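Each of the next two complexes has subunit A plus one other chain: subunit B in the first, subunit C in the second.
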Partner chain A sequence: MSELLSSLFDANSLDARIALTAILASIACALPGTLLVLRRQSLLGDALGHALLPGIVLGYLATNFLIDDSPTGTMAAWAPSLRITAMLVGAAIAGILCAVLATIIEKSGRVEPSAALGVVFTGLFAIGLILVRRYADDVDIDASCVLYGHLETVVFETWPGTTLPMAAVSALAAIVFNAALLIAFYKELKLGTFDPEFARAVGIPAGLIDIGLVAATAMTVVATFESVGSILVLAALVVPAVSARLLVNRFFSQIVVSIVVATLAAVGGHLLAMAVPHLVILSSENRPLEVGTAGAISLVSGLMLVAAAAFGPTNGMVWKAWRLRALRQRVFQEDVLGILFRLAERGVEVDEACLSGQVAGSLDRSPAAIQRCVRQLQSSGLVDQTNGIWRLTAVGTQRATEIVRSHRLWETYLARNLGWNDEASHRVAERFEHHTSGFVRENLADELSHPGRDPQGHEIPPIADAP
Partner chain B sequence: MTGLSWFVLAQRTAGLLDYSTRMVLAGTVLLGIAAGIVGAFLLLRKRSLVGDVASHAAVPGLAAAFLIFEINSPGSGRWLPGLLIGAAVSAALAIWLTERVKRIRYIKEDAALAVVLSLSFGLGVCLLTIIQSFPSGNQAHLTDFLFGRAAALVEGDVLTLTGVAAGVLVMTLAFFKELAVLSFDEDFAAAQGWPVAKLELLLTALVVVVTVTAMQSVGLLLAVALLITPAVAARFWTDRLPGLVAISAGIGALASAAGTIVSAQIPRLGTGALIVVFGLIFFILSWFFGSKRGLVWAWWERRRGNREIHEADLLRAVYELLEAKNDVEGRPGPERLADLPWSRAAVASSLTWPARRFERILATLLTRGWIWLDADGHYRFTLHGARRAIDTVRRHRLWELYLLNYAALPAGQIDRAADITEHGLTDAEMERLEGLFAARGDQSQVPASFHKIDAREGEPA
Partner chain C sequence: MSSGASDLPSSVPFQVRDLTVSYHRRPVLRDVDFVAKPERLTALVGPNGAGKSTLLKASLGLIPIVSGDVRFFGQPLAVVRHRVAYVPQRTSVDWDFPVTAIDVVVMGLYRRIGWFRPVLARHRRTAMQALEQVELGPFASRQISQLSGGQQQRVFLARALVQQADLYLMDEPFAGVDAATERAIVALMHGLRAEGKSAIVVHHDLQTVPEYFDDVLLLNNRVIAAGPVSEVFTPENQRRAYGGKLVLLETVEHQLSLERPRS
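Right after this comes the complex of A and B.
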């Protein structure tokens, strides 16, 4: 592992270059991605990932057709940058075309938006595939390379005179471009995203912002598709943004967090792709198992999304499950305390047999569960066992009194004030008793002018130090 | 293409009767039908992109199935039924997962679809790169399933596809009523006590089956197009569900047939992509020429409506001009009105129209035989045209009266408001207005009514 890490931090190593390219590409995507997710336009990312294909290919073919890039050609030095420019322009046009056509179809045919988008992007993608297939021999675009990207080979094409990969340079350009747009139109974007009505009212041109976002996303996709592939670019666009949404609430923090998630996913993905061949060797052939970096990055970002969903500060599912479990446990313990109190009222001595018989039966739980619960109550000092008989301690009696008092007060209230029958009021009181604070309980007692007995004639136990 | 090569093309197309092309054609057409049917229901459920998730998410299942078989016994990975099952399982899982993710707070539906789609495809790409490092991986041609390779369809595959298409047809026919209600009013279906969840499951299962079987012909990445495009295209032809399903199936079949036939003629054109492009072409044709909502018809209707409005406006302008100039006392009958000459210049100056429109509408009225040019170079109404003019003015003034008296519009806006709305009045509404003002005895400025105008009277023979 340390070997892996050292090669990652050696600036001249191939791995460092791959990692750098991956990080820059992921960050470039995370910026427009955050806006797409917040504006509920994530599917536009999906559509663009497909629809840009013909634009990219046509841009590429146009430069091939127009420029003689053989080493002796006059334009040889300029060919790479011209080619990238042409692809960017082609993709931006295809992207805007896709969005505009989908909107026109949606409006003129009253077609559902996602279906309109689906028609356009699948059609454009098919046209792109045909172009790729048709000219695959003439140009070095490979369909699968376009689809899943090829970081490992992309980094060999470097900026003249340096070891900096071209793909990293174009991703960096996309970051600068996106960041500049974001800073310049920060207020407009924020307002337009969270309160489109208000934004329109104060004269922010919503349509222009929509088109601008589409164009920026399209350019970003082109600048990065060589690294991450035209479909995985969707993961790079939305997954960090959705993770950020689960972790923080404010617009600015979401941008920052999605950049952090994107960076971590890129590094983690590359480490995974580097580590797997070392870890898994196919026994039969003695060949290392290889995983593409682009795919691995999306996997790691997926894991980070799962982690965000599980451990997010306010809505993390793990915390939720934890809180739910704690609540269940408290209710169970309070139910057992209540039963012990009632049995003590009737003078029943609670031995082990009674625990697993009467107590378990009336709570509809297994004897083992009752045993566990009683041990917990014992360790918190609420019950105690002497000579095989379980009794409430002083603290336990105090707590149980509160619960039974709440229960019987609620029963009295429901029967007296709402005219409910015994069975119904018991069922509801059984739930309310766990959620009634001391203040509510004594207010209820005041309201009922401190009744001595509940409708079934049981005593409503007074609290020792009641106010 | 020269005439000769067209001839050769036609000959080769006729040569479809050769066995393997026929098989491929049968397979893709059957799939087109099945996808068209399922897509129509998906469209109405507003869940078109479920197919997108299913098709991308089938990739990891396909690759995983290959890996499992390959690890168990090398060389057995490309066992088709196994691959199909793997793809179907992961597609179904992804759809289920989308539904779960949607329910997480802060994750909206679009984000849920995008996340599940991209991550499962990412997993698939990982597995595919792993497969490439297997000895048999390079020969596995799993990418054929991504882009489709219809040319490789053989008789057994066609039998499978026939089974799938028949199954989809039977299921949709058997549950047509249920699926229809589910598509239009899920809450009503639930309130009726129908098993909405089970019907939803049926629809999802149909989507998965179609997607997975599509992977051989059009390929997984384009399977979604077969589910969406024919259905959206059909939407431009009909508003009724049975029609929608039938037309959608028909367009699916046509696009598949066209794509298959053309790709058989021209080298290096993927069948799958071509089928989708033909689907797009059929969609564009429907979008423009569809009998419901088609752009051309909508434009035509609007144009015709505008022309009728302009005709009425011209008739009224002439009437009002004659009224002012000739002191037409009270209410002129059509005979009196047809007697009066008028000049085009005077009418043109009272209407602020572009010259071209004025000329066009004037010419229309001439050919309709509502006006004519006398020997002195004056225009006059024909008897029929005079009746039209009186009727038009009558409409306008009755409506103005109504707006003035009942709609409490300020007097300055009445004329404009009447201009805009009077053309939409039906005859029945006119009669009610007449009754209203006849009772009030207040229509001094309104030309007298007469029997209904027969549309053909006065038209040139």
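Right after this comes the complex of A and C.
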């Protein structure tokens, strides 16, 4: 592992270059991805990944004239960057076209948005494929690269004169572009996402912002296409944002956490790909197998999403289950305290047999469960055993008094004010007693003008002064 | 009602002429003519599908109009946008969105803050005052999904209040709110009127129209009647607006439509 890490921090190592490219591509995607997720337009990322193909191909074909007619087909030094620009612009136009066509179909055909989008992006993808086959069959478009990206070979193509991979440079450009737009139009993006109608009513062109977001997403997809591929780009766009959605509840922290998750997923994915070498091993034709670093990154970000769903602070399933368990335990303990109090009222001595018999029976729990609960109460200093007899301690009596007092006050209230019978009011009081604060309890007592006994004639115990 | 004059005094907060709006080639509003009076609270009532929300949205340019003309204070909206505030239906947004109550109220200031400028402390103070005005001060930093329906509605009202407009267009502010919120909204509307402002409010509870409002516009795709409540809010006009349907049934139907989730 330390070897893995040290190679990651050696700027010239191949691993460091792959990791850098992966991190930059992931962050670039996470920025527009956050907005797409908040707009409930996650599918748009997938749609764009496909719909851009005709734009990219046309951009490529439009720059064919740059290649001179010599048999070697060389290009001027500046030509590649012009070609990339043409492909980016083509992609952005195709992306906007996709969004506009989908809106037109949605409005005029009265179909749901995702159906309209589905029709448009598959259509555009098909046109792109036809263009590739008809005019650019010589173009080296590797199916697995298109679908999954291949970071492992992308990094060999470097920015002239440096070891910086071209893919890292284009991803960085996408980050700068996206961040600049996000900072410049932060308010408008926030409002346009939350309440587009209100935005337009106050004169903010929400429609234009929509188009801008589509264009920015399209360009991001193109800029990171080689690194993550057209299928995994959806994971890069959506998964960090969805994880963030489960972890935080503010617009700004949403963006920050998306970036953090994207970065961690990129690093983790790359480490995973290195630690499990057959994932990135090159086959005999020197081509990577289909699941490479990009796939490993998606896997890791998926695992992070699962972790966020489990451990998210407010909605995490683990915390929810834990809180529920704690609540159940508290209710059980309070029930046992209440019973011990009532038995003491009647002068019953509670020995082990009484615990397993009467106490377990009236709470409908197993003797073992009662035993466990009583031990817990003992270790909290609420009950104590002398000469085989269980008794409430002073603190335990105080706590039990509160519970029984709440119970009997509620019974009195329900019987007196709502005319409920004994059984119904007992059942409800049995639940309310666990959720009645001292403030509510004494208000209830005031409201009932401090009754001495409940409807069944039991004494409503007064609260003793704190010991 | 139709003045015929092409130029209205700038005191008339809201005027539509010959307004026609269609959804999928089916006219929802047909040749609507209406002039709102200044310093008055106007109820916009009519059955479901009568085009009440459509009238507000079309006036604000949120949906395209087929023909007709809308003026605010005698001007097109673009010229006097700062004098008009809009309170959309509460159900029109996603209340799980990751913002706090005060964040939403600050959004009412975005236009005044302007492009490329950040939200400053004084903007948040202004928003805080508006939140206190609707008695939501202690809830300022609550995430909006943790507010009750009535509190969410009051957040929307506070967002309109910070705009310091002269005309408030409100789409069903009383829908699905508790009695306390309803009283707060009424008090707020009357406060606005006392400051010389006007409001046009889509309203469903016909019983409270005379109590809450000065004027009424009865709508059912076209204008059925418009004018002071005491003069035009007659059982006869209500029957005409609701097409003979029992008013009680209409109210029940509306309640059901509110409880149904919107797609």
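In this section, the second predicted complex is superposed on the first by the 412 of 467 C-alpha atoms of A that agree within 3 Å, B and C clash if a C-alpha of one lies under 4 Å from a C-alpha of the other, contacts with A are read in each partner's own complex, and residues count from 1 in each chain.
Definition applied: contacts are C-beta pairs under 8 Å (C-beta built on N, C-alpha and C of every residue); 3 or more make two chains touch, one makes a residue touch a chain.
Bear in mind the structure is a predicted one, so any value in this text is a computation, not a measurement.
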Exercise for the section: Tell me which partner A:Ala201 touches in the superposition: subunit B (first), subunit C (second), both or neither. Expected result: second
Practice task
Tell me which partner A:Val214 touches in the superposition: subunit B (first), subunit C (second), both or neither.
Solution key: neither
Handout entry: Which partner, subunit B or subunit C, touches more subunit A residues
Key = B
Exercise for the section: Would you sort A:Arg40 into first (subunit B), second (subunit C), both or neither based on which partner it touches? Expected result: both
Practice task
Quick one: classify A:Arg110 as touching subunit B (first), subunit C (second), both or neither.
Solution key: both
Exercise for the section: For A:Gly123, decide between first (touching subunit B), second (touching subunit C), both and neither. Expected result: first
Problem - Which superposed partner A:Arg245 touches (first subunit B, second subunit C, both, neither) - result: both
Practice task
For A:Leu299, decide between first (touching subunit B), second (touching subunit C), both and neither.
Solution key: first
Problem - First (subunit B), second (subunit C), both or neither touched by A:Ala184 - result: second
Problem - On subunit A, positions contacted by subunit B and by subunit C - result: 40, 110, 112, 245
Exercise for the section: Mind listing the subunit A positions that touch subunit C in their complex? Expected result: 38, 40, 110, 112, 184-188, 190-191, 193-195, 197-204, 245, 248-251, 253-254
Exercise for the section: Mind listing the subunit B positions that touch subunit A in their complex? Expected result: 43, 46, 48-49, 52, 56, 74, 104-108, 110-111, 113-115, 117-119, 121-126, 128-130, 132-135, 143, 146-147, 221-222, 224-225, 228-229, 231-233, 235-236, 268-270, 272-274, 276-277, 279-280, 283, 287, 290, 293, 295, 298
Fill in the blank from the handout: Residue set of subunit A touching subunit B in the complex reads 37, 40-43, 45-46, 105, 108-112, 114-116, 118-119, 122-123, 125-127, 129-130, 133-134, 136, 143-144, 147-148, 229, 231-232, 234-235, 237-239, 241-242, 245-246, 282, 284-285, 287-292, 294-299, 301-302, 305, 309, 315, 317
Problem - subunit C residues within the subunit A interface of the complex - result: 24, 57, 60-62, 78, 81, 84, 86, 88, 92-94, 97-100, 103-104, 107-108, 110-111, 113, 115-116, 118-119, 143, 159, 163, 263
